[in-house]
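Paired with chain B in one complex and with chain C in the other, chain A is shared by the two complexes that follow.
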Partner chain A sequence: MNIDTNQALFEQLAHQLGQVAGFIYPNEVEIQWAILIVVYPYITGIVAGAFILASLVKVFNVVEVQPIYRLALLTALAFMLIAGMPLNLHLGHPERSYEIFLTPQPTSAMAMFGFVYLWYLMAVLLLEVWFEYRAQFILMAQQTRGFMGKLYRVLSLFSNDVSPQALAFDKKASKLITIIGIPSAFLLHGYVGFIFGSIKANPWWSSVLMPIVFLMSAIVSGIAMVIIVYTIISLVRNEKVDMRCLDKVGLFLLVAIIVDFALEALDYIHRMYQAEESIEILGELISNKLFTSLVILQVLVGMFVPLAILAFARIRHLNDDLRKLMYFVSALLLQVGIFGMRWNVVIGGQLYSKSYRGLMAYKMELTGIESLGMALVLLALPFIILAVLVRLLPTQPMAGQPPAAH
Partner chain B sequence: MNKRDFLKQSILFIPAAGLMQTLARVAAGEDMATAAATSGDYDASQHWYGMGIDVDKCIGCNRCVEACKTENNVPQEPFFFRTWIERYSIHADGEVTVECVSTQPPRGEETPQVDPDVVRSFFVPKLCNQCANPPCVQVCPVGATFQTKDGVVLVDEKRCIGCRYCIQACPYGARYLNPETKTADKCTFCYHRVTEGLQPACVEVCPTQARIFGDFKSEASRLVRFERVNEISVLKPDMNTAPKVRYAKLDGEVR
Partner chain C sequence: MKIPEQITRLGMLLAGVLAAVLLLRFVILPADMFSAAPHQAAKAVREMAKPVHYAGMPACRECHADIYDTKSAGGHRYMGCENCHGAAAAHASDPATGNPPLPSEREFCYACHAFDPSRPNGFPQIEPTEHRAGKKCIRCHDPHDPVPPSAPSDCSGCHGVIAKTKATSSHATVECAACHEVPEQHFTSPRAALPTKPAGRESCGQCHGSDATDSGAPRVDLASHGDSYQCWQCHYPHAPEMTR
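Showing the complex of A and B:
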């Protein structure tokens, strides 16, 4: 087994070695962080972004966004449950991953991961979902028979207090959790950026803007993902899309893209103007290795086009169906752009030599653990989880129950 | 004790026992730096190891690389190196070409053609710089890579989780993931040899004494003399890693 996998690895490395241009340090031929580490920040970004969208309702009282509050929360949860998997799978020794909890190295940014992840999942997301749904679980446990009834009973953690005081407490608790949740969401994804940004050995990564660029792109991808999910669910359920809500979310999305673009542009301009030792090889990296994924996919298709569509949808008085389509298309394009951005950071940073004298190649495997196939499975899993979640947990408050938000 | 109490206590006992066991393990292995270096009467705190490399003396024979691979069970495939040799060629127009001698198949008997355009060429042996200020140690999430009291950066292959963050953090490309152990791997200065008073394998086999191993804390050390008589450079000084591999007559083109 080991010999077989190593044989496949050696073949991949031999192929990559044949593609090297210029000089690289000999150990650099292996791309250490491959497609799974591209998937990981993409998924956590969606978690952070979707949660921040939900928090607009709770903390900032943006009434228009209320119809998708629960959906945003569930989207964040579905992606969060998968967020740790690509990391664990890419480890040389996944069975030792618990060491991060038991003997964390205090100077390591990565050692923080386990704690931030657990904190976010347990103390923020699960708690907020529970308080949001508690009263409804109780109602549904009463109205449903058999297994489902019992399940809702368990989900309500056997609470049965639906008095106005208890409901008021739910509301208060969920608001408090959101207030704690916003900095936590910032931490969750900002820290992912820090993992890359703090590596002084790699000038493509090493940037103080990295955490904040990751955060803004997270907000973009999270909001866009909720738009996609909301549109599809409405279509499947044959329900009318709340255009007031979608317009508002589209506006937030537009602003987030502009801020994200401004930050990334600042990063590039700053690098070009400073023109440090690495500038030449980074230029070659962009023109030879990342032209399609960076210039075409990330910037043109994944940022300029959706930016133009969203701006156009705001300026012109178009009908609902057309606007809905425009939001949906730009949300899809933004996913391409943000995934491209993750790719360009993670893979791009490993395609040039730290000797600044050569470029490496990455040949993605189709099957296996570190492969396109596995990446697609990991990207599909959150949607499967979400499909189960929205079936189990209604995305709209039940009739007779006041919305928990305000 | 009734059934309920028993169950309650069992529930507490099992994770508590696991935790205690782990803590005991951590406590026992806490000072790995000392544990790694207390064979016999060897006192790690009395040493601070380094290596001197005289660039002018290296003839690029690659024997150090072969010796290292044999001594340390480094996979023979040309993708994994604890040490390697680079050849720099400076052309008349100022262009610099670099190649890695160690990844190329050995030359035959015939003398290579001399390129008249090349005005100067030289070899540079590379290895882990055993930084006094190692970025790899800083980023390791589980403390599997650490610095010994005698200044050598080692990897505990029983603790390493194979996240490869250290490989990313190394400015010198000195680390790789060992395909056999699935853990990070790198030059150890042949720690198993030097703590026994021997030389690292690469130093021992070098036919021109281009590599000098020694102890900065010993005044009689050849390394201390090497530092005194040569103009010394380190690789990528701007990284502030404080390398303990010191180069004499290092060209500015070398990164």
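Showing the complex of A and C:
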């Protein structure tokens, strides 16, 4: 570490030390898991949520959701490709990332991440996308010339069987992969919650409900993200939004929010009723450090308001444009709420002392590896990837190709 | 039965990937890449290469045995010498390099002894502006055996939080000794002789019982009020308004 870095670190710690209230231990002043660790569960959550939305079509035969099946799948893929990057950047040595596979450590949940990630990406997402698009790749390879034609040929793995039997096999395989994919998506994001829930020394994190709370909030953020992407793409392409589909997705979103809210409320009620020794400092944490991000952003703006909007949109007979706007606005607010939830878990858990007698502060940097700038770049990347993906892989089956779902 | 084309294609891809992985794992990459031992060894080497700044208490003891003995018997016995005097490895290996600093400013002692309500009960704390303002701590307190030059005149010297809480409550004028019997030895050797705590309801009944003579205090019938609970189970004696 050179002198400049030392100086910067010193200044930052001195600033944070000035904001400490009460009694803390010396090593608690530096917040170790910062903004990138907030971004990581947020992105992974969208992957799991978008995939589960897609699975409604394949496994549960929800016909109405069919128009956004492919979009949900591609959204999951675009976010999945970025999901590991916040961790790599946070650890600071991306060139060593392959070592997680070379020296597996089965007793560490964190060290197993590489395998969970690889399984989900390779065995679930890519396979499902391939089976969904295989017939279309073949058609597009025949219709397109030049580089793109060759690319589609490679993407189809030089397959050329579009017989009814082969298409039937694609559907069957796709359904089987989705059936495997649902518990895998639960594993992927339940795992993220498990990482926090299993830290028994931190009462803000240590809760068996944590994996399931993460999972439900993942479903909320994933569905909401697909609504946002679908609305924007329809707007850009000047296509009509399928309101039957959007209404159905809005209903699933509403149910998911209610379950998510119930679980989170249960978690808080349980903590308050148990009133363990940490309850007072956690009360201070919520009423001081996390008031804006938890009470205002996560609960009020990010949960109650969209809940009310979605419920209102269902109860009253409103016209299509208004309902579309309401779904879009509530989906945006839900992103704020879920991001707030990740923030409150990750940062909140490090803002109070293990002595239960003091509160710390987190000062986010604007530039650098672990900074707001980097977080914004990481949050923008999936959209760029998605923009490429939807150009490459059409979100609607081609004319002449039967829809894959049923 | 004919194997579907998809399975053949994916199987070939998978076999290719698998072959590449196995080739990398067993043929191309050296075996020590698959062990954590080289990482651990390299880390040990990195750590060992760092300069040593601290000498540790045993090194100080070799030359300063008298101070060490004084400190070992006093309230600062669990403090390392270098906590106050700074890293002294250079001084320990060659005393000619100069003496470690002797912190003498008041602010230095505030780090542990300035009043902070979250410090443990009984930990010696002062209000920097009220306690001998402007004087250096070491003029009255020997840092190696920090016994107060005279026994604290009142309980707030060590029990600041309780004193401050009580001062704002309706018990502000009640002396500590009204409820606690404090052995004389507690002032000089706090842990050797602890004050008593009221055992039964009668102690509170002296002021709050229906037959008490104190005029201002709220009265209750001790026989019927609060079943068999002790008073403190509902009323915090140092701030009775803070009733649970």
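In the analysis below, the second predicted complex is superposed on the first by the 397 of 406 C-alpha atoms of A that agree within 3 Å, B and C clash if a C-alpha of one lies under 4 Å from a C-alpha of the other, contacts with A are read in each partner's own complex, and residues count from 1 in each chain.
The definition used in the following text is that a residue touches a chain if its C-beta (ideal position, glycine included) is under 8 Å from a C-beta of that chain, and two chains touch if they have at least 3 such contacts.
Computed from a predicted structure; not experimentally measured.
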item: Chain C versus chain B on the shared chain A, clash or fit after superposition; value: clash
item: Which of chain B and chain C A:R134 touches, first, second, both or neither; value: second
item: Partner chain(s) touched by A:S159 [first = chain B, second = chain C, both, neither]; value: second
item: First, second, both or neither for A:S355, with chain B first and chain C second; value: both
item: Chain B versus chain C as contact partner of A:G373, first or second or both or neither; value: neither
item: Which of chain B and chain C A:I199 touches, first, second, both or neither; value: first
item: Partner chain in contact with A:L9 - chain B first, chain C second, else both or neither; value: first
item: Touching partner for A:G149 - first (chain B), second (chain C), both, neither; value: neither
item: First, second, both or neither for A:F169, with chain B first and chain C second; value: second
item: Segment of chain B intruding into chain C (one of 164-172, 200-208 or 218-226); value: 200-208
item: Touching both chain B and chain C, residues of chain A; value: 23, 102-103, 105, 355, 357
item: Chain A residues touching chain B - in the complex, by the definition given at the top; value: 2, 6, 9-10, 13, 17, 23-30, 32-33, 87, 90-94, 96-97, 99-100, 102-105, 107-111, 113, 195, 198-202, 350, 353-357
item: For the chain A and chain C complex, residues of the former touching the latter; value: 22-23, 102-103, 105, 127, 130-131, 134, 157-161, 165-166, 169-170, 173, 355, 357-358
item: Contact footprint of chain A on chain B as seen in their complex; value: 22, 26, 77-81, 84, 86, 97-100, 102-103, 126, 135, 137-144, 159-165, 167-177, 179-183, 239, 255
item: Chain C - residues contacting chain A, complex; value: 4-6, 9-10, 12-13, 29, 33-36, 39, 116-119
